[in-house]
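There are two complexes below, and they share subunit A, which is joined by subunit B in the first and by subunit C in the second.
And now, the complex of A and B:
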């Protein structure tokens, strides 16, 4: 064991990693996801595993701490959440599944066993599809098969104080519901693994069944991997995506080294479990030290007997799934880029975010519809995209103002009105930006919010774009700007066409002087005339 | 549980003999013979010889104690108790049971619960109540007060239960 660590366990992961054609990687994933049910799995105490940061052992019922004589009482919300996931993954829901006891003795497991589903899990089969177009994998399309989904309890948390030979136990997390999802070993490269994890994470967030955060441990990923069909190695303790990727890279190199040295029959002939230290994988368990879990059906918990209409009911209640939304957003009439479509679809962790994806998506679609109704065939799909995804979200973040609140004053129909004004040239982009910020800033400080009166504001601030610009006046403004510039090099670059972009600087000066009420194109044309630019 | 299995058994040896009222006709006799009565104590009576035969090996007991995180103190007493339990299980195994029963339902619960329908599952999932009598209400009791050792709201475990890797 020590020799193994010395020979194969100390090489740092190199940046220039690539898979070698003679050494085929085969991977499967096992993902544990905490369900965000209101209460715990086998008691009704509050499911708030992160309360441990403040008050340890606060959300614990008699059953959670395993007081003798207490019995499990299944939380059906966890079953409902699990069925949602199963249906979304196209898994076959087992209408008669059961709970079993997995025995092992550990400080954070007060019952002495974990209640899980070993013999008859909630669902089997199903798949997740990864594509080059949506997920950025190298292959056009691959399907990752799901082996099974099972419901089980989480354990408590241990804080180790090695020097004192003591561990502190917090049972707030004990009995929190988890779903374990196991895939077949369908992964053959790292991009596929990364894309799958992102996709699965987004799916559980989209379904509203979990926060899906890796950092907090709400989602935990174990990797099973083998090379050239030698025995599989299970990698555990991988706290985030970069750890997962680095651990796989390190383990790949370690196993390739073993095979090249001719030691594979000795060192890769039996399965083993390895942990990740942050720079290398280390052996945790091998065949000799495999735990005998002594599984048995839990005699205290009834079977989960579901009527077939549960599957049908859940199917009807599911939201449109993320891939379908992405495809819709990327086609007519929206024509969003993948990047922008993902902003509306891929759920973040919700921290420091002023909106939820579903709020934003609904706002976008409603605004787009209103905008389309006004402009009809003359549509510019980029306008709603830029103004919602870039301007609006940018302002909300800057002001730390939630979208739900902003919606009270800036309803989709008001926002569409703003877009139409810009679309028709009644309001210049620059004025539009000022106005939007002004509206949001004002809304942030108000208590009673009413839909904004755009026309009144535009009149008040005289933001209307000047429709009939006097060419002579424009010429004078531009000449003044040029005379005050005093930068012959810049002008030369613009005139010769070597620095075309610098013309934008001049236009910007013009916009500033006209307070954004003159269209930038007019400034551009006038400057070109004055400087006799031919490009 | 034992009675339930017993009621399906037809092992004459375990029928307790007793003098009762006189049988009046053949039907009563048949009914009596077909419904065995049980003396659990007699059925489960264990003699010393049997117990010794059922003693698990020292190695097995040590392994089980290790798996359960229990100390090796009282080793002989624990080994004897296990032996008695094994003998008990062996005796249960001699009974005639209904093979048609789905082992999935072999638990102390309703054997054929009504499958949950969607509406009901949805309703039950969303209408849950925390029971104070089960300690489910936040902060309604302090679990660590039952612990012999605690620190700042945490249970404290000493080295015997520390992570072994």
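And now, the complex of A and C:
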């Protein structure tokens, strides 16, 4: 696998790409997604396709290696995951679907056929909506229709050793459950394709049915495209989003050239499958060399019979979907920006991240609710946002400390308590920051975590904002700062109003000396008085 | 039976093997396990000797399926059938010869050579297939019973030719886990023996649900069955008019009539019935079975087990073709036929049509049986019949050389042998071939409604 030396870079495709009005692009996607079920699709082997290279052929049952006399046993978890996806996509779930065999020989396909759903797939129809507001496409709103969803087996992996003229075969991936999703050719530009892939990826992660990673091959995208309704070309072997985009760009230009040269009737009249080398698309096979898969209903796997109650049950148990969450977060009372709302909703690949989106979102919502209960109409929606998305996450990343652990000591109600103290001015922002870091750093080192006692900590560290500041004392502190400054130019700028912002520097000095316990507004007023600032 | 008698029988195996080529491998530990296991006498099948068709996997002996492709293959697991027999105290004496992967009705298509018929020790007469060795082992008295598989008649036809009982239970009653698939929608584990009592004892041991086989009847269906089936002293017997073809010889017809008269004399009632779709059974069978077969045989690429042509198997663009060239001629014929039936041009015209006709056939059976069909939901017919009666084969067995030359001249000839047996296979019905009693190598077939296996076994007692 590692030896497969390919250049997936983007240098070959120029950046000045744009679609031409006379050459209409029409695209459809075919996405294969590995389901993260406990076991494989038709056996009890552990589903761990990346179990890795050092233990090839480890997660393989007698069925997975196609020993004579073995039989498939359908894993119902895979069916449940597939129904979740179907319901989330508003597809019509087929209450009686079946498995079929697709025949072709290959070294990494031990049965000599793949078990898939050809004649009677799990679900048909459905759609995904893309909008300018949430997905950043150029159009206000488009709908991508889904043709069908089918459950099928993944194949094994072949690893070519050119020097030894052998292929090594790893069957860890063999019989891993996949969902194949096929869209209608509704895409007309690249932004739509990119947004759709992101959205679909986030959906499968949100539903908890797949890691959705393109890099590992857990999600694989094939593109069907045609220009001006000439025959469609299928693009395969696209390992990541940039290769998908670059392959479409390259292929668009290639086909436009063919049409311009007048060769389209000859070269674009039959369907063709092309691969991506990293810099160009190359022909893999055309219609004449297409194999007849000789599809046949599997004679021993029972039909998947679902009662309408099961589908209804899945529907009610489905989590709120990402678009709906985004819309809620962006409106009253949260008023989050799209960017912040996405931080709470769009799932990353889970690596190098101290939280899952659902953990973070729940924490945010719970904290917000507690905060709101305290402050009522006086709400400042930016406060929870800033403190959770920026301060808390920043600290967790810095400390490499997972949110799930931090939650044990910093429960939503404790965090809300912290926010309320800041909100009321009892605790200055600076003190709050110190305190938060201190709590998290301490929690990281402890074994038994209990909810933190904020007031005790604040007392201990004397972080309470000083409520009754003696004006004389304040004046003295400020005079000391000014006398030690020794920078007449700066002062002049402040006094004349040319460098108003430099006043903040002075305030900062005061905050530092008072350990943040005096409100910055007080320092500002005092400095203004001392310097006789009139602006 | 005492272990002493059993050991005595073991001694005859080498001679029988030499003369009739019954086994593909022989269990050299059989005597040892008879001696050592004193408990065996109290187990349901204690001290009974059996042969296992060599397309049923065993850990101790190789499983060849009579094919070069699986030469020396030893399965890492035992089939459910073999496990159940072992628990019940039966001793496996060896794996029995067969037509390669169960494909054939003469018992001549095996890489181990043909098995011949012990009823004719002085001639080389076919014993029928594909469970050829299983039938011969019972006929030659080296086992008490044997296990075969029946896809379109592979237990019943050789049983008729060897004058033994050959029982194909309802589809799904005996687990297929560990049975190398020929055509799963039809494959059924069958039992051969000389007495109905032995047959019934073995059936009771094997008639169990098995989660490892998705087509094995589950507990719920089994209790549904036991709620509706009951023993009957007086049987209503149907004689299908489609099962009395003109091509059958006078002798065979006479034998068939004699059996009918015997049953009538015992107080059972005989009725003429018609099942028009029986005439489609052969073409339907030879459309569906090879299609499933070609699919099931795709796994034999030589990569993970079995034989492989390492030099050439990826030399041109057709992967594994040189390795797969080691299949026998009959298997190759069916691969071609199956691929043709599945090809995109003919799938709708042949495969789909055959599936529809199969359903029609089942409906016609439902329309004559008194008993409900728990799978189709048919409620049973008032005054319907209990069993159907026919011959098991259209003729008596011929010599192996005649068989082979007929087959070479016209490969379809041997397919006609399955004419009486394929309908029960397509409908999943229980069926048994019972020796007629007068003529050597002639059997009559009893068929019952789905799940009515015990009525079929009881009816066999009425003929003997």
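The criterion applied here is as follows: the second predicted complex is superposed on the first by the 469 of 535 C-alpha atoms of A that agree within 3 Å, B and C clash if a C-alpha of one lies under 4 Å from a C-alpha of the other, contacts with A are read in each partner's own complex, and residues count from 1 in each chain.
The definition used in the following text is that a residue touches a chain if its C-beta (ideal position, glycine included) is under 8 Å from a C-beta of that chain, and two chains touch if they have at least 3 such contacts.
Everything numeric here is computed off the predicted structure, so don't read it as measured data.
With subunit A as the common reference for superposition, the partners subunit B and subunit C occupy clashing space.
Of the two partner chains placed by superposition, only subunit C is touched by A:295; subunit B is not.
In the superposed pair of complexes, A:166 makes contact with subunit B only, with no contact to subunit C. Once the two complexes are overlaid on the shared chain, A:66 sits against subunit C while remaining clear of subunit B. Within the superposed three-chain model, A:106 lies in touch with subunit B and with subunit C [touch as defined at top]. Once chain A of one complex is fitted onto chain A of the other, the partner contacts of A:133 are absent, as it touches neither subunit B nor subunit C. After superposing the two complexes on chain A, the stretch of subunit B that clashes with subunit C is 77-85, out of 77-85, 113-121 or 131-139. In the superposition on chain A, the residues of subunit A contacting both subunit B and subunit C are 62, 65, 67, 70, 73, 103, 105-107, 112, 169, 292, 294, 299-302. Contact residues on subunit A toward subunit C in their complex (touch as defined above): 62, 65-74, 101, 103, 105-107, 110-113, 169, 292, 294-296, 299-302. Within the complex formed with subunit B, the residues of subunit A that make contact are 38-39, 43-46, 55-63, 65, 67, 70, 73, 75-77, 79-80, 95-96, 98, 103-107, 112, 120, 158-160, 162, 165-171, 275, 284, 292, 294, 297-307, 309-310, 312-314. Across the complex, subunit A is touched by residues 56-57, 63, 65, 70, 73, 75-77, 79, 176-181, 183-185, 211-215, 291-292, 294-295, 297-301, 303-305, 319-320, 339, 342-344, 347, 351 of subunit C. Against subunit A, in their complex, subunit B makes its touches with residues 67-69, 104-110, 113-119, 121-122, 124-126, 128-131, 134-139, 142-144, 146, 151-159, 161-163, 165.
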